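You will see subunit A twice below: alongside subunit B first, and alongside subunit C after that.
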Partner chain A sequence: MRDRDSDTSQPGNPSFAPVHVLYRGYLQKKVQFLIAGVLLLILLALFSATAGSIPIAVSDVLISLLTFDHSGVGRIVWDVRMPRILAALLVGAGLSLSGTMMQSVLRNPLASPYTLGLSSAAAFGASFAIVFLDAGVGTTSTILINDTFTVAASAFIFSILSTLTILLLTLLTRITAESMVLAGIAIGSIFSAGLTLMQYLANSIQLASIVSWTFGDLGRANWQFLLITFIVLLPIALVSFFYRWDFNAMDTGEETAKGLGVRTGAVRILGMLSASVLSAIVVSFFGTIAFIGLLGPHIARRILGGDHRFLLVGSPLIGAIILLIADTAARTILSPMVLPVGILTSLMGGPLFIYLLIATRGRRG
Partner chain B sequence: MIFTINGLQFSYRSKSVIHDTSFEVREGEILAILGRNGAGKTTLLKCLNRVLHPQGGRVELDGRDLKGMRPVEIARRIGWVPQRGELSRMKVYDVILLGRKPHFRWEPAVGDFRHVEEAIRFMGIEDIALRYVDELSGGEFQLVQIVRALAQDPRIILFDEPTSSLDILNQHTLMKKLQSVIHDSTRAAVMVMHDINLALRYSDKFLFLSDGHVSAIGDHSIITPELIREVYGIDVRVIKDGHDTLVVPL
Partner chain C sequence: MIFIQRSRVLRTPFTVLLLILFLAVVGTLDLFASAQSEEVTEESFITVTDMRGRSVRLPQKVESLIALEAGSLRLVSYLDATEKVIAVEDAGHGREKSDYGFFQLATYRLAQPGLRDLPSIGSSENVEGLISADPDLIISSQRDIGQLNHLQETLGIPVFAVDVDLELYDTDLFYRQLEILGSILDRSERADELVTGIKDALEDIAMRSQKVSEPSRAYAGGMMYYGPADLLRTTGDYLPFDLTGTRNVMPTNPTGNRQPYMTSLEDLIASAPEAVFIDAANVNLSRSGFSDNRDVLEELVPAFSEREVYTTFVYKYYGTNWENQLINVYAVGKILYPEVFADISIEGKAEEIWDLFFTADTDLDHDTVVKTQGAGVKRVDWFE
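Let's look at the complex of A and B:
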C-alpha cells in the first residue's frame, strides 16, 4: 500500500475525480452485457422453435408467431414448441433467481432450491399424491400421471410446508444464515426418508410414475402452468430487485448491513420465503431440474460480479439461456426421442460447475 | 454534547457483559475505548448503534433516544466500521456507495456520488476504487470500510480497531486523517483500540473497560501506572512530555 498522506484534500471539496467517469463506464459495460444477453435469448428462442423432429424454417416460425396462426406448421409452433420454450425461459429464470436470492440471504454459495430440502419435500408431495390420491396410476403399459394438477398441488403444499418449518425453526432459534441451512438439511433429510417410504409402499406402476415425476421435464408445460409460473415469478422478481441494495449490504457482512440500517432478519425471511415459493412452484410443475439454481447465479457472478443491481437481472437471464439450450438439445440430440431436460442439466451441470470452481480458484491465486 | 450513554446494560443470554455503563461524547471529540481482550469493548460499541440491542439503559443522540428510531434513521446519524467484514465480489466503489444507502430510497443521486468521490479522494484510494473487494489485502479492505463510513457522512463514527490490519505508516496516516475529519467538524468518533500509545496520541478522551465496568474515563491526565496496572495487570512507566503521553511496559 502506498503512502496515502500525499493527498490532503478534505471532504467538502465538490470537484469530481475521474474515478467517477471510470465507474460509469464500468456500469455501462454491465448494461451492454445484459442487453446482449436479451438479444441472444431471443435468437436462441427463435432457433429452438425451428429445431425438432420436424424442422421448420425461421420464416415460417416468424409468420406463425406474428399471425397467431395455429394451423399446419403454426400448430407445432404454438401448441408444441412455444409452451416448451416459454417453460424453459420461466423455469430457467425462476430457478436461477431463486438460487441467487438463497445464496445471498443464506450467505452460502452452494445454497439452491435443493440445498434446503425443497426438492425432497416436493418429490415427497408428488409421490404422496401418486400413491394415496390416485393421481399417477398408469392405465396402459404407458406410465402416466393422470392428474398433473393434483400432483403439482401436493408437491407445492409440501415444499411450502418444509419452508415454513425451516422458518419456524429459525425464528425459534436465531434468524441467521447458518441456522436456516442447518434446519434445511434436517427437514430435507426427513422428506427424503418420506420419499423412500412412498416408493416402498407404491406398486410398480406408481413407482414408475414417481420416478418419472422426479425427472425434470419441460414437456409437462401447458398454458395454465406457464401462466401460474409467470404470475408467481413476476412479483417475486420485482420484490427482489426492490431489495437489491439490502442484498448488497448483506453481502458485506451481517453487522455491516445492520450498521447501514438494513433489517437483516426481515430481509432474510422475505428473501427465503420468496425464493422458496418460486422454486416450489417450478419444481411442482416441472419436477427436479438440477444445477440451474447453482449454475445461473455462479456464471452471472463471474461475469457481472456480486452487485445485485445487475445480478438479479443477469442471473435469471443466464438461467433462461442455459435451460433453453439444454432443452433444445434434449429435444434434438436423440430426435425423435425427447429426453427429460433434468437428465441433461445434471449431465452438463456437473462438469460445468467443476470448471467454474477451478476457474474461480485460479482467479484468486 | 451530542452523544449520551446512560446506564447501558447488555447480556449474552445469562452472561452479563456490559454493566451500568455511562459516558458522553462531545462533538469534535475522539473517544478511545481501551481494555483487555474480552473486557466487552466491541460489545459496548455494537450497543451504541443498536447492532446489538442493550437490555437496559439509554443511548441518546442530540437528546433523542435511539430506541425510538428506525434502523435507517440511526444509520444516517451513526457510521459503523466493524473489525471484520465479508469480502464480497463487488467493486470497492460499490461497497463505498453502500455508505450512502441510508440516504437514498431507490438509487443514489448526484450528491451521493459526490460524497463517495470525496471520501475516496480524501483517503487517497483512487488506485483501488475499481478493484474487486475480494482481491484486496487486509489493510486495503480496512481502509475501504473506513471510507464507506466517511461517505455515509454521519454525526458519529464507531470504529472497531480501525488500525489493526495496517502497517505503522498507514496507522499514523489514517489516524491523522481521522483526527482532522473529527476535529474540524461537528462529528465525533468512538474507537475501540488495542494500541494504547496510538490511542493516546490521537484521541481526546479515554474510557477504560474492565469486565464490562468503566474503570476510568477522562483525558490524558487519568493515565497513570496504577490505572494501567488495574486494567491490564501490567507494570508500566508513563512518560508525559507536554501534550504527548507514552506508556512503556517495564
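Let's look at the complex of A and C:
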C-alpha cells in the first residue's frame, strides 16, 4: 500500500527533480540495496563460521579467516565449517541464478530447475548409477555411495539430456516458451516414473542410497566439488550479465525484443543451456534442494523489480543468503543431529513462497 | 421340458411339505456338524496375546510357519524352530531382483544356511501365495495393528506379531517374547535355555563393569539404520557402552526414539572421544569418511590421534543381531578395560554366544563369520 501511495504522490510533487536525476536516484537505491545485501551475506557467513558445537570467539574466527591459518582453531574454521558455508553460497547463488535465467527466457514465473523436470532427471540419473552402474554398492562390504563421482556424472548426464530434449522439441517444432514449460513438466514426470521404477528394482540398501541421495545435503561438500561448482558458476554468471539487456528486452515480449534487435531464439537456447548446466552441476553434487530456484528470483524481483541489470546480481545474492541461513539452522537446531538442508528449504520455502504470491497479488490488485 | 415338469410337481402341497421337512433335517444335521467342529476347535486351538497386545487364536500345535518382515525369522532361528519354516521372503534373503553381498550380515543366515534354499514367498503383499502356502501360523514384525489385523483377515491365517525393536535394555519384554514364542512353537525348553543364558551373560557383564574405576569416553559410528552410512551415523544408546559403564560422548536421539542418527564432523570433533567403535557393516564407508577428513580428525580427536579406532560385529541388518551386540559388549569391555575382562578372549566369547543363540549344533566359527561379514573386532588398519 505504501508503495502505491509513494508512487502516485511523487509525480504530482511540483518541487520534484528532473527525470534523469530521479532515475539516477532510483538506480542508486538499487545499488545501495545490492551493497547492503553483500554486507549482510558477509556478516551471515561470519556468523555461520562462529556457529557450531565447538565454541570459537568471533575474533579468532576472523583471524584464522584472514590469515588462512589452517592450524588449531583454523582447522575447525577452514576444514570443517568453510566447506559447508561456501557450498551454501555457491549452491544458493547457482540455483537462484539458474531460476532467474529460466524464468526470463521462458517468460514464466514458475520456471526453475525443480519445476522444469531437471531435478527429477538428475535424481533418475543418480538412481540409475546406484542400481545399474554399481556405483552405490560394493560386493564385499556395505557401501552407501561408493563412487560419488559416477553418481554425480550420471545425474548430470540425465539432467542435461532432459534439457536437450526440451530444446530439441523447441527447435524442431518451433514451440513457444509456454509450451517449453509444459514439455519440461512432461519430461519431468517421465523421469519421476523412471525414478519410481529404479526404486522398485533396487534392493533395500540401494533404495536407502537413492532416498538419501535425493535429500539435498550440503554435508557432501568437499573442496573438489566446490571448485568445480565455482568454475561453472563464474563464467555463466558473467555471460548472463553480459546478456542483461537482452533479458530485459525479452521481458517486454517476443516481438518487441525482436524489434529491438535481440536474437530471441539464440538467447533463449543459450540461456536455457547455461542455466541447465549450472543447476545440473549443483543438483548432481548436492542433491535436490527445492525452492531456492523460485524463492531467490521472486524475492529479488519484489525488491529490485524486473531489471536484469540488478536482478542477475541480486537474485544469486538472495539465494545464497537464504541457503546459508537454512543450512546454518539445519546443522545447529537439533545438534548433535544434523538435518539435510533440502528438507528445511522445502519445509520453509513452501509457506514463504505462498506468502510472496499473496503479497504480490495484494500489491498489484 | 424337465424344468416344466418339476415346477408342476412343486405346486402340490405334499411336495412342499416334503421339501420343508427335508430342509429341516438337513439344517439340523448342519447345526450338529458345526457344533461338533467347534468342539474340535476348543481342543486344538489356543488364544494367546502377541507382542502388540492382540489376541490371536492359533493352532495348539504349529507345524508350519512363515516369518515376515525384518527380524522375525531371526527370533524363530533363536528358538531352533526353523524346521517349521516352509517359505522365506525375498527381501533380505539374497533373492532381491539385483545381486548384492549383504545377505550374510544377518548372522542367523550363517547359522541356518538351509533357509536360503526354501521356496520364496515374495513378501507380505503376496496374499495369494501366502494363502496357497497355507502355513499354520504367520509371524510378523509389522508394527501397525491395523495392518496386522487386515493381513490376518485377508489370509484367514493367524498372524502373531513380534516386537523386533526391543533391545537388551528391555530385558523383561525381551525374555517374555522368547517365552511366548517358545510356548507357541513347542520350544519352551529352548526359550528357557536362551533366557537363562542371556541373564547369566548380562549378570557377568554387570559384575565386571562394577569394577571399572575409570570409565572411558567413547563414540559409536557407522551405525546401520534404514541403510548404510559412514562414520557420522552415530547413536546415543549403544548397549556395549551402557552395559560396560562407558560414557557415550553422543546424547540420545533428539527426537526421543533412541535410534541412530546422522551427526556432523564438528560434533564428532567437539565430543572428543578417547575411543571410536565402527560397525563392521559400514567399515569401508567409514574409512572413506575418515580419509576425507583425516588431517582434521587426527589433529583434533584423541581417539584418532591415539589410533584407538576399532571395528565391532555387525549390529543391525534386517533387524537387530542381538547376539552380535552381546558379543560387542564383551569386545568393548575387553578393549577399554583389559584388566577387568582379562580372562575373556573375544573369539571364544563370540563362539560361546553364537552357540547360546543358535544352539551348539550350528557351531558358528569365529573366523568364518569375520570373513563373511567383512570385519570382526579389531583395531582398524586405516593409519598405515
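Simple rule for what comes next: the second predicted complex is superposed on the first by the 341 of 365 C-alpha atoms of A that agree within 3 Å, B and C clash if a C-alpha of one lies under 4 Å from a C-alpha of the other, contacts with A are read in each partner's own complex, and residues count from 1 in each chain.
The criterion applied here is as follows: contacts are C-beta pairs under 8 Å (C-beta built on N, C-alpha and C of every residue); 3 or more make two chains touch, one makes a residue touch a chain.
Nothing here was measured: the structure is a model prediction, and the numbers come from that model.
In the superposition on chain A, A:301 contacts subunit B only, with no contact to subunit C. Looking at the shared chain after the overlay, A:260 reaches subunit B, while subunit C stays out of its contact range. Residue contacts after overlaying the shared chain place A:23 against subunit B, while subunit C stays out of touching range.
Look at A:185: by the touch rule set out above, it reaches neither subunit B nor subunit C. With both structures placed on the common chain, the touch criterion links A:133 to neither subunit B nor subunit C. When the two structures are aligned on the shared chain, A:219 is found in touch with subunit C, with no touch to subunit B. Using the contact criterion defined above for the overlaid structures, shared-chain residue A:249 touches subunit B, although it does not reach subunit C.
When both complexes are overlaid on chain A, the residue A:238 reaches neither subunit B nor subunit C. Interface of subunit A with subunit B (complex): residues 1-7, 9-14, 16-17, 19-20, 22-23, 26, 107, 245, 248-249, 251-253, 255-256, 258-263, 301, 305-307, 364.
Subunit B makes touch with subunit A in their complex at residues 46, 49-51, 70-76, 78-80, 82, 84-86, 88-91, 93-95, 98-99, 101-102, 113-115, 117-127, 129-130, 132-135, 137, 139-140, 143, 145, 150, 152-153, 158, 167, 169-170, 173-174, 176-177, 180-181, 184. Those residues of subunit A whose C-beta lies close enough to touch subunit C in the complex are 52-54, 75-76, 79-81, 131, 137-144, 146, 201-209, 211-212, 219, 222, 331, 334-338.
Taken in their complex, subunit C has these residues touching subunit A: 91-92, 96-98, 100-102, 105, 224, 226-230, 234, 250-251, 253-255, 261-267, 269-271, 281-285, 292-293, 295-296, 299-300, 318, 374-375.
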